[in-house]
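Both of the next two complexes hold chain A, though its partner changes from chain B to chain C.
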Partner chain A sequence: MDYYGYRGFIARILSSLGLEPGDYVRIIKSNGLVIEGILLPRYSLVDEPILVVKLKNGYNIGIRVDESDVLEKIGRVERGSPGAPVPLAESIEVGDKHVFILGCGGTVASRIDYETGAVKPYISPEELTLSIPELLKYASIDAEQLFSILSEDMKPWMWSKIIDETAKIISRGYDGIVITHGTDTMSYTSAALSFAFHRGLPVPVAMTGSQRSSDRPSSDASFNLVAATLVASNAPFAEVTVVMHGESSDTYALAHRGVRIRKMHTSRRDAFHSINARPLARVWPYDNRIEILDWNFRKRGDYSLAVDNGFDEKVAYIKHYPGPIAEIIDILVDKGFHGIVIEGTGFGHVSSDAIESIRRAVESGVPVVVASQTLFGRVNLNVYSTGRKMLEAGVIPVEDMLPEVAYVKLSWVLARTRDLKDVRVMMQANIAGEMSLRHDLNLYPRWVYE
Partner chain B sequence: MDYYGYRGFIARILSSLGLEPGDYVRIIKSNGLVIEGILLPRYSLVDEPILVVKLKNGYNIGIRVDESDVLEKIGRVERGSPGAPVPLAESIEVGDKHVFILGCGGTVASRIDYETGAVKPYISPEELTLSIPELLKYASIDAEQLFSILSEDMKPWMWSKIIDETAKIISRGYDGIVITHGTDTMSYTSAALSFAFHRGLPVPVAMTGSQRSSDRPSSDASFNLVAATLVASNAPFAEVTVVMHGESSDTYALAHRGVRIRKMHTSRRDAFHSINARPLARVWPYDNRIEILDWNFRKRGDYSLAVDNGFDEKVAYIKHYPGPIAEIIDILVDKGFHGIVIEGTGFGHVSSDAIESIRRAVESGVPVVVASQTLFGRVNLNVYSTGRKMLEAGVIPVEDMLPEVAYVKLSWVLARTRDLKDVRVMMQANIAGEMSLRHDLNLYPRWVYE
Partner chain C sequence: MSKIDYKAIGLKVGLEIHQQIESSHKLFCNCPPDLIEEEHVVLVRRLRPTRSEVGDVDPAALFEWRRGRYYEYESPLNTSCLVEADEEPPHPLNREALVVALAVARSLGSYIPDEIYVMRKIVIDGSNTSGFQRTALVAIGGAIEVNGKIIPIETICLEEDAARKIGEEGLKVKYRLDRLGIPLIELATAPVIESPEEAREVALAIGRLLRLTGRVKRGLGTIRQDLNISIAGGAKTEIKGVQRLELIPKVVHYEVLRQLRLIELRRELLKRDLSKDSITYNPVDLTSKLARSSSKILRRAVESGGVILGIKIPKMKGLLGFELMPGRRFGTELADYARFWAGVSGIIHSDELPGYGITGEEVNVVYETLNADPSIDAFIIVADIREKALKALSTIVDRIRVAFDGVPEETRAANEDGTTRYMRPRPGAARMYPETDIPPVKVTDELISEADKIKPEPLNVKLERLISKYGLSRELALEVLMDIRLDLIESLIEKYHERVQPSIIASIFVVTLRGLRGKGLDIEIITDKHLEEIVSYIAEGLIAKEASELILEEIAKNPQLTVREAIEKLGLRAVSEAEAEAVIDEIIREYIEEVKKRGLKATSLIIGKAMGKLRGKIDGRRVAEIAREKIEKIIGEHKT
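For the complex of A and B:
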């Protein structure tokens, strides 16, 4: 049954209530959310239980409904009557693109719990869209909540679910995807998506979040979401990016490559920065402007969808420090971890007494990958005697890759092969822009002490 | 026996050879180093086997000798004769301060090993002083090699040896101490010294190192050593600092507080930066100028020497990541670690499934301290539900303290008390400037992408 483009139970309900496009409807969702607007015909793009209404502010919105939601007719407005909504073209130019917002929790979708005073994630993407109508300037929005967690709880199996869901959404033909996610581990998830989609992403995937919850006046949720929607709908690059405030004021956002990003501050709006790389673009969300900073990107539409999903959950990620690091490596190997990423000191060093433990790990088939805890710069194990001994023991140095990204990548690689030679080749190949051969000096931030 | 201020075997050798101040002498050290100069009387400050000679370039230098070194008279120059050295006052003004350089290895005291091509640490502080006569502009230099290791091999028991040695040197009355150290773990050692001397440091302890070995033309060893010597001899503050290049060019160095510093780049000269704090001073080594940036310091001479040495070697320092962090915490507790420092995500979070492991750790007497992997900003466990549960489980959040410093501090605290209440009080007290109540916004670097 097709009823003005609607199918399934929505088509049945609409026809049984005699509702038609042009009717004022009230939707009372089972979570208490009430939305009123004028019923519109369904976009035919996706076959999802989504009802499309035009809100009083002139925007169109897709509302996910289920059979327990209540739908009422509250009137009908004839074209031209005083109560009729302003025709679309005369109100605000609604973007002709289609963007899907996939909600994965985090502060961007959270509110203060007035019982405990703490912040909990429980706003649906639809509620978000309703509260930020500027989103619709660039695209019509469909939305779905996949997880409602704080991102410290994110695990590799959840990356896989996000990747599967993203692939499904892309295959339906959207112009881009926005993924809302907690900021704490957003960079781990963005790296996971980058590797999983490295062979084929036809449209942009823009992850975003916020440092302050969306019901606080100082929230950055709205700014970031609009910027991410602009990237998803209109960016020329089809890459996994993290789109967040570029400065603390509401000027521009930055679209960072998913494998180059790090949260560098606990609370600032401009906490996210690219390390050892230039962001892909500067994004002015209220100005419909995307300024490309790195032209070496994969173009929208150049690749068709290809997914390489799956992560090994038994990977250890440790930081080298002056303590009993050899003992810790031994324990991890004995406990059956499949791989170890070490944040070495400086050029990627470990203490000499840990080299035997590394050799033992490698000999028992556990790859040991080394990045640097300095974050900036490049691992180089050829300069000092320690490094040469580490190489001889079998470590895999990973150039200028961020240690967090090395961890995500090793988890991804180990889900494809456990063969040490293959692991080495894959870890040292630049798969999703996670490494580069050289940097210019400007990639180091300016440390100004005033 | 006192022979022109010399004592012990040096006095015996000098008198048996009939050597007197004014004689040209050649010292052939057992490591092959040959030094020629005019014998001077010994400064009476310390009772050490040090021979003082005036070099051809007009500088005075103290050379540590032992009984296996060969000492020869190669001539005597009468005052006023053509071969006589230029009198001190007419050549270069040698500083009237006394500085001790304590060598602990690292690149600053390393050379390329032409056999393997790698860099190994084996230059003595005396050789360093000889090759950098500018040091003597600020002070007469005595020197000693305590360790000749690369700093990735530094362990807490070595911190203790450095601290003991530093205390001995201070008690002899020097105006300041320079400690040369590898850059990889210098910030850990500087934090250890800061805690051990928090109750009383009468003179500056300036740690320094270099990112490129001193026999390379691009070495920063000379610049950094001169800057550190200027701080040790003349700074108004008696604190443990790390003195390193402030910019990549040879303009100024920065004197960072030992508990606020981090190596942020694998190879740049300006790799060291203060996090969440202003450096104590900007230092122009070739210009005899120290510009104070933070006036809230402990003044030279305000405190008499007091040492609080000793570190627990059984402390784990881990980084939170989306993997099996609960399992790792359980393992560490089972393996008998005395304390755990976690680099949490964002405001200091761990995943919900790790909270039970933390509770178990705390209940079995293992303190769990939380800092943030973002490095910048401040831990706050009151904002999100996860944080509140962590507090309830007994974690100790440590404000804006760097995670590396939290690890050093917990090692130091656990060597004083294992009582959880006392550990909490000490970890949360600002002991050596490792925490501050508030920051101004300028403490975040400028991220410029050009």
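For the complex of A and C:
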């Protein structure tokens, strides 16, 4: 029996007393010690007869109870209704643009229940703008929560749903769309949107998220959201971008092209970097300023809305490593996968014993796309004989495209054609800014050692 | 201090003691818990007020946010990492530090829960990069006996120290991150202390207990006392950050005085037939009237685009200058409120005028413009940009109205002289929720037995051991127990007692150091390392025990010196027996006539002269012995 995370005899006692989280409980230990507090649910996965209680001074503690201890219910926490949040700004002049915020995971604003520790999200436009009134400086806000899922649970069919929803919103005439998303898989979704809207995006789509949860005063969620709203409402470019902190300080954000972005740190605010490309712009959310860094963009209003939605869900994405890679490729082909993306070593190589497996894959109609696990730089299969053999076996090298982007792109391409020749042409064409043929010397990070 | 019957007025004081724990790393990361001046990178951040379930926010936090407060953090690269920068989740709770807190709990007989939860306590003055302080309740209850009275302990917590505030410029507050995350033990007593002196004694006793674990830091800034003070008819005031023990009685006394005076002020207001309604918010623009004033404060404000606003305070003439604590008047309180809530640099009130370059003539103009009577009314002037000046005046009106209720509940900060200043309103219920990044810690039998190894032994046991094992006199042993460096004395005695008499080691602390303090020297800056080196030099026979005073005096004056450097500077290198004999021989030769004439009676003269040259370089008793032997020999020869 599981009773709010409690098991065994504690669960029995609690349920027989009708004690629920939020109730005041008195614990009388057999040694005479008396402790009173609010009963909390037990989240620990360790199965121990320990009761979690919030004391009057606000601290939680865990108290071991055994069957000789006495538990009593002494009341219930009186709780008023949540009520409207206090506005964080005294008054604000609302911008004349209209932006739609589409929630697809990640919480941008929330309230804390100090009694139970639960964090509940603010979702409605009213709650959002009362919590983050700076949004209104740039635009009036509409908002809707599409999903509320963990980043790691994102799947290609959800990309399709986001794309459909985004298209619908754009057709209603907004000046820009902000999509909130968990950070771990944001770059996959941003790439998916980039390919789906490559023929026609009239307004900016700015994706954003947070590296520090929104329940804490230091959260980056609102900074990023305001920066994304500034991009959606005022940027001159109509592209799918990821807008996140540009440095550890709360100074500027960077708007990265959705097919060039990668999360490069587990926890830092400035975890997102453009790889093999410059960000589109630097964005100062407090100062209403957008500084363009890459002028080669698609302008707002140049295209009318056109959507190419749909992704093949049977695409494999594997990393080459010094192990039985040939076997893995064989299994994927036998399992009927429609395409394989391999993150090769260095220039894009796989071990020579895997080449026959690749040849078999291609011969059975499964395209094998090659990107590099170094992330920086360009795949080149002409330098060494292994590479030349891979080319001869039929792999599709994709220049400086990020491997994750190659995966999303292959999923998208395979939903349009299964013809190997067509797949090769599309994979090697620059469709949404996902590749470039020229890297200057500064397009590479340097670390500071002193 | 004036005579106050503290018991009669119902004084109740509770202490909250924060002591830094000595540990190999910080509470939630692997940075060394040290404050070192070094290269740093700079971060700029803002902190947004969080909301609770009922939609509310902390008013002080909201106010700071609306003003556009931001924080600049210096992150020293060797003593802070991504955790302090709020760029990486905290690591699991430092076990070493937990053991220290558990040891203290065990020695106080407190109840230790079976699972310890780290909580986030919302603090948004910027002193924590995350916007909350991480803190865990380690024990409840227990007691300490001080002068025969049982002082109950309410809670023992383990928490992270805050960042060091290093300055403020306009809307920016600057902090350094080296101190953030240093483990602190926080121990709160019940409010049962009834006199200023008792407050000091309880703080001393708790501080000593903490030091007896041998695992806490010592020195200025490593222990901080907060005080909760209330009197009957007054209010609970929380006073933050008293760093010196000696200041505690003064802080308590001044706070009692302040509350008594506020109660008196209330009586006076009622006597003048005033009520809350008499104090109205009716600001009047005085800019045109005072723009040409010779007052620099006013002129500067107007020149930088500000205005001069005034407000009439009816029938309160003399009461703005009403003294609450030495050097701090009711007007000072109003100014502190205006500074906090409106960010103005100050206010001017009629009880301090003429002054600040404002002439009697101008005072009359103000009275006239405000439609006020100079013989009974008071007024307040604020010069700043309009928005801030208005906010300042409305804050002041609110604070004056509160004076009709007596003493407001406040959090105050201690000044160097023991007086206090308004810091912020007393926070309501703690805004606390679980730190979900850190799993709860199960209190295991291993943890408890580790804690018991460093659990301080009772003082009477220690006293008997100092007497019976190390041969200290009862008086000296008692002095050692009272000494702030008790733990160091003990460890030095234990380490060196075979080579240096324990009473000599003890005397360095309870006689020599206190003597130097008596001379007005700052002995706080003498480190444990200095003291241990001196004892080790004595043990090795490199210096005489008498040298310790001279060396310590030199170091107190020049704290950058090492012990070795001080010895060299003072020329205190120990002399060998032969060198000492040579010096004494020379003195005897010089005074040979005296010796021949007065015989053994000349011994003290020779010893005196010899000590002048040998003090601190060889044991004084040895000098006396050598001198006596030599003189006896000469007398013997002389007789024959």
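As a convention for this text, the second predicted complex is superposed on the first by the 334 of 450 C-alpha atoms of A that agree within 3 Å, B and C clash if a C-alpha of one lies under 4 Å from a C-alpha of the other, contacts with A are read in each partner's own complex, and residues count from 1 in each chain.
The criterion applied here is as follows: contacts are C-beta pairs under 8 Å (C-beta built on N, C-alpha and C of every residue); 3 or more make two chains touch, one makes a residue touch a chain.
Every value quoted in this text rests on a predicted model; they were computed, and no experiment measured them.
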| item | value |
| --- | --- |
| Chain B versus chain C as contact partner of A:S248, first or second or both or neither | both |
| Chain A: partner with more touched residues, chain B or chain C | B |
| Contacts of A:S267 with chain B and chain C, given as first, second, both or neither | both |
| First (chain B), second (chain C), both or neither touched by A:Q428 | neither |
| Partner chain(s) touched by A:S436 [first = chain B, second = chain C, both, neither] | neither |
| Contacts of A:S148 with chain B and chain C, given as first, second, both or neither | neither |
| Chain B versus chain C as contact partner of A:S15, first or second or both or neither | neither |
| Contacts of A:S160 with chain B and chain C, given as first, second, both or neither | neither |
| Touched partner set for A:V52, first chain B, second chain C, both or neither | second |
| Touching both chain B and chain C, residues of chain A | 113, 117, 119-120, 248, 266-268 |
| Complex interface listing, chain A residues touching chain C | 33, 35, 44, 46, 48, 50, 52, 55, 57-64, 79-86, 88-90, 110-115, 117, 119-120, 131, 212, 215-219, 222-223, 248-251, 266-269 |
| Residue numbers on chain B that touch chain A, as the complex places them | 107, 113, 116-120, 150-156, 159, 182-185, 188, 248, 254, 263-268, 270-271, 273-274, 278-279, 282, 293, 313-324, 327-328, 331-332, 335, 343-353, 372, 374-380, 382-388, 404, 407, 411, 441-450 |
| Residues of chain C defined as touching chain A within the complex | 42-57, 61-62, 65-66, 70, 82, 85-89, 111, 113-117, 119-122, 124, 129-132, 135-137, 140, 155, 157, 429-434, 436, 439-440, 442 |
